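In the part that follows, the structures are each spelled out as structure tokens.
The same subunit A turns up in both complexes below, where it pairs with subunit B and then with subunit C.
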Partner chain A sequence: MAGVLRHLARQALLLALVALAVFLLMKASPVDPVDAYLGPAIAHVGPEQKAQIAAAWGLDRPTHEQFLAWAGHVLRGDLGQSTSYNAPVAQVMADRIKASLALTGLAWLLSGIFGFALGCWAAAQAGTWVDRTIRVYCYLLAATPTFWLALLLMMAFSVGLGWTPICCAGPIGVPPGQVSLWQKLHHLILPLVALTLFGVAQIALHTRVKLIEVLQSDYVLLARAQGATAWDIVIHHGIRNAALPALTVTMASVGEIFGGSILAEQVFAWPGLGRATVEAGMKGDLPLLLAIALLTTLIVSTGNRIADLLQARVDPRMGGA
Partner chain B sequence: MNGRQSALLTAGLAATLIAGVALSARLLVEAGTSADFTARNLAPALSHPFGTDQMGRDMLARSVTGLALSLRVGLMAAGLSVLLATFMAMVSGLGRQADRVAGFVTDAMLAMPHLMLLILLSFSLGGGTTAVIIAVAISHWPRLSRLLRAELLQVSVAPYVETSRALGRSRLFILRRHILPHLAPQMLVGFLLMFPHAILHEAGLTFLGFGLEPSRPAIGVMLSDAMRHISAGRWWLAFFPGAMLLCMVLAFEAMGSAARRLISPREAQC
Partner chain C sequence: MKTLRRSFALLLLATGIAQADVPKLVLAIGGEPETGFDPLLGWGGYGNPLFQSTLLKRDVKLATQADLATDWQLSEDRRVWTITLRDGVSFSDGTPLTAHDVAFTFAKARESAGAVDLQVMSAVEAVDDRTVRITLDRPWITFVEAFFTLGIVPAQGYGPDYGRKPIGSGPFKLVSWAEGEQLIVAPNEHYYGTPSPFGQITFLFTGEDAGLAAAQAGAVQMVSVPAQMADAVPAGFRAVPVKTVDNRGLSLPFQPPHEVGGRVIGNAVTADPAIRQAINLGLDRDLVVDVALHGHGTPAYGPADGLPWSGRDDTVAYDLEAAQTVLDQAGWAAGSDGIRAKDGLRAAFPIHYPASDATRMALAETAAELLRPLGIDATPVGGSWDAIGRVMHSEPVVFGFGSHSPYQLYSLFAGRLGGAEYANPSHYANHKVDALFEQAQGAESLEASFPFWSEAAATYGLKGDNAWAWLVNLDHVYFVSDCLDLGQTQIEPHGHGWPITTTIADWRWTCP
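The block that comes next holds the complex of A and B.
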């Protein structure tokens, strides 16, 4: 119980520090939020009007007051008003979180499953051409720029073959409420493939190493001596022992996948949180950027934490750290 | 050929490739930036192996100059980052309290998605080349720092360090004379293995519009330009710059793992 409380306290401290750091970073930026908000319309706006906008957003108050006001509101559950979308931040995020979950969440899940399966397959056939192919694939994918892979897929399947739509989460001109499930899947498939192809690599490589370790152990040698077949051994001894390390890596890979999703969403014009991040950054939309930064920090640090705890379970020597 | 020789050969080949790119970029600057409107949007052919873009610029020359730019950015960013990582690892070595603080900072840095942190840092520095270098340097040190810390803690209980301490040497002397030289090989490998990450993140950041200035011939700029022409079927605009970047990343990976095999042959077996 005390352990759980300590974890929670640490997590809260971490979030508070990240919030403060992000806020200060935003404030240090030479990008003026009012200018960025106005964009080309700046030609029609006089200095008085600019000052009025700044006052309406509270930008004329000292930095520490701004931070305390913002933090107070966040603690009461009010994330503020997004300046680039002109809507409450909570609503902007709620609109996008489903699309993000569909893409990033699914990609994460699939990378975990396929990565584990590929890793097991490679380890079971260690040294053969199957193993070599999987390894080359993983090294290659780990070195490939995600957005380039996304572009290539789009060139091949959307432009060249015309199998998949070229952008967005639904047909252009159709309101989001009227998009059918089939259309949704049709638009989801390519970004999902791009992200999953990228996410699989690390998990597969890690699983492979762990499983090979297991397969070289004495108890597997004994099982083999007792006449167990290769698949028996992989299923009864291998998978059980490799599953936890693989889960650990999968947990720790949340951040990577989210980073990849920012790029993939940009390429496929997918209306998720990644695209909102880029939009918010371009337009100097502090409240939205802060909220997304905090949410992703919460998710990733929870993933890391779970990974650490699992690691301690797998290898008790790591428990002290 | 034994493992050592093949590692040396790989590292040599990769280094030659990288040096070749850096050198030929110097010769190709002119060709990569001069527009030729009589040769716009040409598909790859003998005269332009990688095709030309909408301003008639040769994509081969542009890709090579873009890579050289990536190399410069990556070199500085990874170098700075290794220094930061070493500094933080040394702070960990100072004592229990310092280790706690350094560990918390490292955790905090890892708690945010890499790209998110890069966007925030680049935003706060106002974008541009310097901002990218600093952002990549600040966001990449934690993993290496953890490795170095583990190594440092191991070395600091080694008999020769204990002896030195018993002889009354100061902490700083021990850090500088006994521990730092021991970390140097790890730092080199860390640098080589960080390089690919650094240039991939630089390209991604630039692609999103938070990185290098759009006027520079960077790979990220080329790819985001290419995205606008993608429905016109000009595949070469996106394919070649990305493929070149991939080759460069693979060359550095090969060099890094070869260096690791040479330095610690036992650990690098699997």
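The block that comes next holds the complex of A and C.
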């Protein structure tokens, strides 16, 4: 019980610190939210009107007052008003979170599974052409910008071959309410592939290194002396040991996949939180950016916590920790 | 009863068949308003507001035409507008549009935190159901811009979520808006004007790359393309270059350097009339268009080329020798490195441009290269808008403007706006210009103000102070399906994409 309380207190402190850091960074950034909001309209909007906008957003108050006012609202369950979308932050997030979860959640799951499988395969065949191919593939992907990969996939499969749609979460010219499940899946494929390819590399490389380490241990030598085949060893001794770092990396990669999704969503016009994040950052939309930052913090820290708990399960030696 | 039901079924069938013949259109021209389709926050500032209609509109030659208003009169003291509305107009939900809705729209826009600046308006009231009276603080003819751009919203039913559920008296109604993806609209059957021949129009809000990819895949009928890509026309499309006043030019700080509140204003080199004249004479604008814009533009001589309020003969022919003579006569002598100097002052300055804008970078580089033969040492410097904001009062910047309102001239050259944010960044001030602007703002109508604006060019322009060095007007290039006839297009303002929708009512589908 005390452990749970301590964990919750730590979680709350982490969220508060992240919020403060994001707030201060945005205040220090050169983006003037009113200028960014007006865009080209700045040419015909006078100083009086700009002051009126700043006052309506509370930007005319001292910085610490702005932060405390925001924190007070959040504690009462009100995430505030998004200035760039002119809608409540909760609504902006609710409208986008389903699309984001479908894309990032699936990409995360698939990259975990494929990454682990590829890592195991490469380690079992360490030094052979299989291992080399997988490694080169991983290095290549780890070095590839997601948006470029996404563009390449789109040029090949959407423009060249015409197998997948150009954009969006539904067909062009069809209202969202009339899109069938099959059409939704069809539109999900390409962004999902781009994001999964991006996530696989890290997990595969970590798994591979750990498994190779395991395969060189004394107990594996013993098993081998007893006549176990390579696959026997990988399955009975390797996977469980290699699963530890793979789990940790997979849980920690949530943040990275979310980051990658920001770029992939731009390319495929996928209506998730990623695009809202870019919009909020570019326009200095503090309430929205803070809410998204807190959500990501929550997901990543919870992911790490789950990884800790799972590790205790997977590895009895860590049970006492 | 049975017959009634039968005829109803027949009617349904008939509309079903009719709809199959009505073409649908998909456009990828950007322009998604993140805050929604709320005119009070700035929606409709450019192009067609789709869902709402405005008091006045501009035709393809930019001449004023009646829209919701049938009559508009300015009082003798130029402070009170009396506007008579068209009869029998209703919103897309069937409720009638009256003077109360117009008064509400203007009053609400005045106090809203949006991109509509109505600060000069002191009162607005509905005199009766069809008459609105608007009172201004002072004579201010450019207030009429709001008549062209401010879409009328219903007083009943306007609320915080209006931008996502717009109701208006415009040619279209909202079918669905998937934010960040697409907007689908259909003709508004209550619209008082000519109905659109298109049964449905979809606006894709993908990025530029995805828009082009969609055109190549045949999924869209029109896409806006940057000049750099304008030569790769997909099959079944044609490139339509639209003339614009979307200009780019160099600001030349007008005053000698001095400090105001810890900030340096003015520049010793560009404050010299001879330098400004020589830059304007000695820049080969045709070459700038070819090099920096790949030919997709026209030379610019003022901020409103081709519009009725620009200067009548405000142009100059490229003449390198004449430019050099001007500098020689003013005492700017070339040093050993070829750069001119006068009283120990080198003819050198940076040219700032926003680093994220490839076109402005190309313009800064090209201009700097073309100034070298004049003996002027210009150094292109890329930076953020914030960095530019700190130096724009004392050093040249590649700016871009372009508007359908003569207020553009006021914001660039009015002495009282010197240094107010991005208005008049070069701190230009000339009492002759200010006096003419005063007369223009006090004119009896927008059209009557044109000669005053136009006359000011003789002072701020190329035959006078050479206040700025305007370089180019960009062409806005669109790839348009061979089946889509756009009719005539307007000279477009700043902003590539949405402005093309201004004439959407004239678009026709020419294929079976």
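Everything that follows uses one rule, which is that the second predicted complex is superposed on the first by the 295 of 321 C-alpha atoms of A that agree within 3 Å, B and C clash if a C-alpha of one lies under 4 Å from a C-alpha of the other, contacts with A are read in each partner's own complex, and residues count from 1 in each chain.
We take it that a residue touches a chain if its C-beta (ideal position, glycine included) is under 8 Å from a C-beta of that chain, and two chains touch if they have at least 3 such contacts.
Not measured: the values here are computed from a predicted model.
Applying the stated clash criterion after superposition on subunit A shows that subunit B and subunit C collide. Contact with neither subunit B nor subunit C is seen for A:Gln216 once the two complexes are overlaid on the shared chain. Of the two partner chains, subunit B is the only one touched by A:Leu17; subunit C is not.
Touch criterion met: A:Glu279 reaches subunit C, while subunit B stays clear of it. Of the two partner chains placed by superposition, subunit B and subunit C are both touched by A:Val159. When the shared chain is aligned, no partner comes close enough to touch A:Ser180: not subunit B, not subunit C. Look at A:Asp95: by the touch rule set out above, it reaches subunit C but stays clear of subunit B.
Once chain A of one complex is fitted onto chain A of the other, the partner contacts of A:Val45 are limited to subunit C, with no touch recorded for subunit B. Legend: residue contacts after superposition of the two complexes on their common chain; A:Thr229 is shown touching neither subunit B nor subunit C. Looking at the shared chain after the overlay, A:Pro30 reaches both subunit B and subunit C.
Residue overlap on subunit A between the subunit B contacts of one complex and the subunit C contacts of the other covers 30-31, 151, 154-155, 159, 166, 266-267. Interface residues of subunit A facing subunit C in the complex, by the touch rule stated above, are 30-32, 35, 37-50, 52-53, 55-57, 84-87, 95-96, 151, 154-155, 158-159, 162, 166-170, 172-177, 265-271, 275-276, 279, 283. Across the complex, subunit B meets subunit A through its residues 104, 107-108, 110-116, 119-121, 123-126, 196, 200, 203-204, 207-210, 223, 226-227, 230-231, 233, 235, 238-239, 242, 245-246, 249-250, 253, 270.
Against subunit B, in their complex, subunit A makes its touches with residues 14, 17-18, 21-22, 25-26, 28-31, 139-140, 143-148, 151-152, 154-155, 159-160, 166, 209, 212, 254-256, 258-260, 262-263, 266-267, 277-278, 281-282, 284, 289, 292-293, 296-297, 300-301, 304. The part of subunit C that touches subunit A in the complex is made up of residues 24, 26, 34-36, 38, 41-42, 45, 111, 113-117, 119, 145, 160-161, 163-164, 175-176, 178-182, 184, 200, 202, 204-207, 209-210, 213-214, 216-217, 219-220, 384-387, 401, 403, 405, 407-408, 411, 420-423, 494-495.
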